[in-house]
């Protein structure tokens, strides 16, 4: 099992320990706004346990993915505020 | 959409401490245990990440037992519907599965209660458990300035964890008054294990400002949090920080129990001495039966596991310990009762429903949860009212009810069931 | 609690009752409206807010097209919460038989001045790329629209109240008498006319009104803006709406202004429970997935049920009760209550005050129903 994985967050390569969640990768990349609310406000993770849905991003072209419940895999393409 | 069918003897929903304790006792009694959980690994919230390298002896011991037992784990699975009696449906990333059971143990745990205040929707304002979960799953917190606020012993545990990972904890703001906390402290003395835990914690947090009778009233920043305003004794002051980790104690996760028709009493699943709910063959253990802390969750899990496996005598043997833990739970909940000033925190334009951006003023015009949902769409978003529902229960005293499947958002295909063979394409816009 | 004598008291603040209240006030009638639970909380809350012209019969066409015209005249005044969107309807044809129906509809609508456009399979795919390949074509009706009905009911109630109507919420009506009605707490409200607009509950207050419950299911997805642009209805819908005994499902999907999609539809007779009927729900969703395969991958947030008020001839009851000329019915709208609420209000008030109606009222008079039965 590799010790690290590399994911792409808004076009930027981010290296994370294996087993990390996508939400942590996004924040480590310096991005705090994951999505825009109905009225266009910047939003980021709140509950950290998969129930608030504020951490949703597009992963590998699939929208509405809860990043705090998705484990980073090598080469994952992550896009915020889509 | 692919589907799998699992025939289970004793099915346990939730792989936190209560679920794990139940699963272990089921296995040890010679029955077959299956545990289903949304997270990729067992541990629930409090033991998130503890499976590999555990900081607590209790977690280590339990994970050791689990490792040496034959228990079937289905991770990354969200239970969403009960199509017939003794059958549950759960969705995974690329498929869904049908779980049939003889006995069911609900160990669905609890979630944090978030109370809205101006600016609480800014990025980097998170749950206390929320920020801790993020750090445990890879977020780098070294050198970041964190204010921890809200209510409950979780705040201290979180501050401790974050500090050990290199965060600068600027303050811990606990809304409970000093007097209650002192009585709590004295109460702990009668619970020996807890007193020493608490003492250790206090020692590690020496040097961190612990403010009582104090709570956040506003968060400020342009695109993310820059500073927060705390209030204590009618005095407000600002603290510049990178994160606010906040939560006002915990609320039980009741949705699945409600869907199954279990009786709910005073915001928790009603159980008898054997942890049985009002529905035949359904047990419940842990925070879902009432917030009470780790040790209570563990012993309830054990009792439920033993009872479900037919080991009533052994289950009875644990009643005494459970009673003791229940006393602690009462003390816990009395101490961290939320003060009424917290109802005054939201302004007219403060967002209460984050999924649908519904402001406090719009909700004030409604007379009930149902009316609010219909006319403002509050609670009609993907969180299905889990976040805003807990808030409005406190703010307005509304009863949040009406649970329909899916109790968790799932793909249309998972609800449709065995849908025709056709290859699934990505949506085109 | 005591009240003055009203000219009209309306039972039920669903979209039909609310629209009637607003129209009564507009006509200068002293009006009261009694709602047992929540404004717009019955079928109004459960159904799709589709404003659609229908051609099942001349009478249905007359009422729906009249109503759509009224909605169109209202649209500038509708507040944002109503989410009015003129997205249009496409009737989808899956085979040659259904395509023949498309051509029949086209002729029918064209003759009556409704703007329509026939789409061949290429044009259909361009209009709605997420429909499965292999469909034959469709009929596009660009002026059909969608709204969020509970907000529309609220809007009409507010209009009525600003115009002087008395709103009583949270009180059930226990019976309707000559000269008024009794509330559950015994209060008598005296009125020249009583209007039963209680939807699927109307038979409880007016016996012999022959309104039966027809259960429906709906599902709402998360937000996927642009996934579907029109309200899409399969032409088999008509086959299902015709049957009066069997459970049926038909593909029907609506885009909301929020980007969420409402997926329907189902019809069941003789079922009283509000619980989700899993086999019917699955059938309904599988039908939808047949038409739009990518739907299977979308996130669904909620499912729910509701009861339509159905009559034997699929036309609503608008007019005086056969046995009591002071009791008016405004109910039995089945799946067209949202659309025809505004037309119903006009026809109802026309009859109460004795003014000429814009369309013939005979097909909707309650007196006709005594001759019919549910087949």
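Labels A, B and C are assigned to the chains in the order they are written; within every chain, residues are numbered from 1.
We adopt the following convention: a residue touches a chain if its C-beta (ideal position, glycine included) is under 8 Å from a C-beta of that chain, and two chains touch if they have at least 3 such contacts.
This is a predicted model, so every value here is computed, not measured.
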| task | Point out which chain occupies the most central position, where each centre is the mean of Cα atoms. | result | B
| query | Which chain has its C-alpha centroid at the greatest distance from the C-alpha centroid of chain A? | reply | C
| field | Whole-Å separation of chain centres (CA-atom averages), chain A against chain C | value | 42
| query | Whole-Å distance, chain A centre to chain B centre, using C-alpha means? | reply | 22
| query | Roughly how many whole angstrom separate the Cα centroids of chain B and chain C? | reply | 41
| task | Could you check chain B for residues that touch two or more other chains and list them? | result | 381-382, 409, 426
| Multi-partner residues of chain C (each touching 2 or more other chains) | 222, 224, 297, 299
| field | Multi-partner residues of chain A (at least 2 other chains) | value | 38, 62, 64
| said: With touch defined as at the start, can you tell me which chain A residues reach chain B in the complex? | reply: 16-17, 19-21, 23-25, 27-28, 32-34, 37-39, 41-54, 56, 61-62, 64, 68-69, 71-72
| note | The chain A residues in contact with chain C across the complex are 38, 62-64
| note | Within their complex, chain B touches chain A through residues 38-40, 45, 76, 111-112, 114, 121-127, 129-135, 137-140, 223-224, 351, 354-357, 381-383, 386-387, 409, 426
| said: Help me check something: in the complex, which residues belonging to chain C touch chain A? | reply: 222-224, 258, 297, 299
| said: Looking at the complex, which residues from chain C come into contact with chain B? | reply: 38-41, 45, 81, 129-130, 132, 150-151, 154, 219-222, 224-227, 263, 276, 278, 281-282, 285-286, 288-290, 293-304
